[in-house]
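What follows is chain A paired twice: with chain B in the first complex and chain C in the second.
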Partner chain A sequence: MATHETHGQHDHNHAHDHAPLPDRDGAWSDAQYLEAAVRELLLEKGILTADEIRRQIEAMDRRSPEQGARVVARAWVDPGYRQRLLQDGTAAVRELGIEIEPVHLIVVENTEREHNLVVCTLCSCYPRNLLGLPPDWYKARAYRSRAVSEPRTVLAEFGTAIPDHVAVRVHDSTADMRYMVLPRRPSGTEGMGEAELAALISRDSMIGVVTLAPPKP
Partner chain B sequence: MKPRFRTGQPVTVLQAWPRTHCRTPFYCRGKTGIIERLCGAFRNPQELAYSGEGLPKSPLYRVRFRQQDLWPGYRGKSEDTVDIELYEFWLEPAA
Partner chain C sequence: MMSDPHFHSHHDMGGGPAGPVERGEHDYAFWEKRVDALMVLLSSPQRQLIRVDELRRAIESLGPDVYDRLSYYERWIAAISRLMVEKGVLGGAEIDARIADLRRRGVGKT
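This part shows the complex of A and B:
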């Protein structure tokens, strides 16, 4: 049995059904050089350690929409919490151990009369501590420009039909606030507990591009 | 710094075109909306972007615009809105 060497010239103990994939290591961009230079200086001057940087990256990669779903599920089962969440999102998510500062959280609630949609037309501001990394489409120019100018068409492309009697409220995340949508609780979930509810709540429903369907029986 | 505007007050965004980093989208400049809420006071991003202190802090508001006031020929409903965060120094009382 051959020892496992770098891919490409090793002896095989497994079958390949494809041609070798090219490495995508192109030339570095200016930003990559800048990041490496700053990082190496921080290490060299003893301001940060490599382990601290690694831990921070690991912590950032661990963020996921499950945090936001936990917040929404709590608001659905606890009217007092829902009220605090709409009043002061930053403080309410801190109750659940989620820190959003230095930015501030505004939670906007979908109702029978209003549907909320979040966008950042200037860049890609997003409540990462609650929802993880933003999806690629959220950062794309097409979504950023069209979500503010033709939101109903964009929503329809996500499969979300907004009835005429419901107002569409777009929130352009241009400065120090971050936004999360509190979706409507689907019917057929009356007996469910918080954890079961949280499992129903999608990332996209908290951005506002979809609504939540009743659970399949 | 005492906020100059109150919730519900109509305000117009300045028709200014500074050649610097700023957080005021082009599509609302010169447009009129209603103060939705005061968000607090924050450092000026137009100075922070160039290593400045951004002080004194400026009141930041959410201003609610009617879609049909922003986009000629808007094809949604007349109740549809966009809320945009805007710093006080970009706003003046609506005429």
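This part shows the complex of A and C:
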């Protein structure tokens, strides 16, 4: 990946691109004090309980791209499921027992002629139930700004070359409408079962920034 | 300049100029997960103290400087506290007093 080789050629008028990463071990930031104050007051007023917060964090930690990978693997092996998934993503995901927020999930399928890429230019809308919490770059200015105006260049920064004869479609998410990419099944996976297939499917392939390579022999 | 401030709010970044995608990622800190949990719980159907559009409005009205200076979950907690004050759930002075109290007790110092 040659992402950083071009670095020097860019003008650096984006000084604010790199949001400070939160402190983990150091002294608290102002935001950490604010969080502690708000949380303590909400607990004291009986609006929330500590147990609820703990359980919510546990639920969050259980979500990972493995959920999305299960959905994709099922769609690869079961044409009927694939059809239902493309027609009504929310219902098809629930069919597998995956809980999903009451948002409209649209699954877009990569084909020989079309590659799909997902962004949220306004904030960070993302199918969290299927992919876990979004990566930092998904929420940062560079991706949000450029994914819609020069998607092929952005894809190249992820090491993804989409041939000219393949259309690139970019989907801009909203709070009420989330997208997930159904990546193409790599060649050389014909004999594989669902679980084996699921292990091949990466988070980034379901955002659309990478394609899946055939498995190494 | 592609992004004309007369047409785009600051958060509306699509098509604007920007550098290369920095692919670094960090594991979420525990306090960030707590902020996320606060939002989910406060917006739960039983409570409905924050709706997602209210969170967005509060984040989008932080102003460009604050928006850029704060990290993602810093924006969220700023927005959540603002909404709790707007709705009369918490008092602004009460929050300030609690922060001062935490600092006085040496919480969060290493």
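FYI, the second predicted complex is superposed on the first by the 174 of 217 C-alpha atoms of A that agree within 3 Å, B and C clash if a C-alpha of one lies under 4 Å from a C-alpha of the other, contacts with A are read in each partner's own complex, and residues count from 1 in each chain.
Note that a residue touches a chain if its C-beta (ideal position, glycine included) is under 8 Å from a C-beta of that chain, and two chains touch if they have at least 3 such contacts.
Worth saying up front: this structure is predicted, and the values here are computed from it rather than measured.
Undergrad: Just checking: does A:A195 make contact with chain B only, chain C only, both, or neither of them? Give me first, second, both or neither.
TA: Neither chain B nor chain C is touched by A:A195.
Undergrad: Quick one: classify A:A91 as touching chain B (first), chain C (second), both or neither.
TA: Neither chain B nor chain C is touched by A:A91.
Undergrad: So, A:A161: does it touch chain B (first), chain C (second), both, or neither?
TA: neither
Undergrad: Check the residue A:A213 against both partner chains and state whether it touches chain B (first), chain C (second), both, or neither.
TA: The answer is neither, since A:A213 touches no partner chain.
Undergrad: When both complexes are superposed, which of chain B and chain C contacts more residues belonging to chain A?
TA: C
Undergrad: Quick one: classify A:V77 as touching chain B (first), chain C (second), both or neither.
TA: neither
Undergrad: Just to be sure I read the superposition right, which of the two partners does A:R169 touch: chain B = first, chain C = second, or both, or neither?
TA: Once the two structures are laid over each other on A, A:R169 reaches chain B alone.
Undergrad: For A:W137, is the partner it touches chain B (first), chain C (second), both, or none of the two (neither)?
TA: second
Undergrad: Between chain B (first) and chain C (second), which does A:G26 come into contact with in this model arrangement: first, second, both, or neither?
TA: So A:G26 only meets chain C here.
Undergrad: According to the stated criteria, A:A50 is in contact with first (chain B), second (chain C), both, or neither; which is it?
TA: Touch status of A:A50: no partner.
Undergrad: Go through chain A and flag every residue that touches chain B in one model and chain C in the other.
TA: Looking at chain A, the two contact sets intersect at 121-122, 148-149, 172, 175-176.
Undergrad: Per the contact definition, I'd like the list of chain A residues that touch chain C in the complex.
TA: Touching chain C from chain A are residues 3-4, 6-7, 10, 12-14, 16-29, 31-42, 45, 47-48, 52-53, 56-57, 60-61, 119, 121-124, 133, 135-137, 139-149, 154, 157-158, 172, 175-176.
Undergrad: Spell out the residues on chain B that touch chain A in their complex, using ranges where they run on.
TA: Within the complex, chain B touches chain A at residues 23-25, 27, 39-40, 42, 45, 60, 62, 67, 70-71, 74-77, 79-87.
Undergrad: Enumerate the contact residues on chain C facing chain A in the complex.
TA: My answer: residues 2-3, 11-26, 28-38, 40-42, 47, 49, 52-53, 56, 59, 68-74, 77-78, 80-81, 84, 89-90, 94-95, 98-99, 102-103, 107-110.
Undergrad: Considering only the defined contacts, which chain A positions touch chain B in the complex?
TA: For this pair, the touching residues of chain A are 104, 106, 121-122, 148-153, 164, 167-177.
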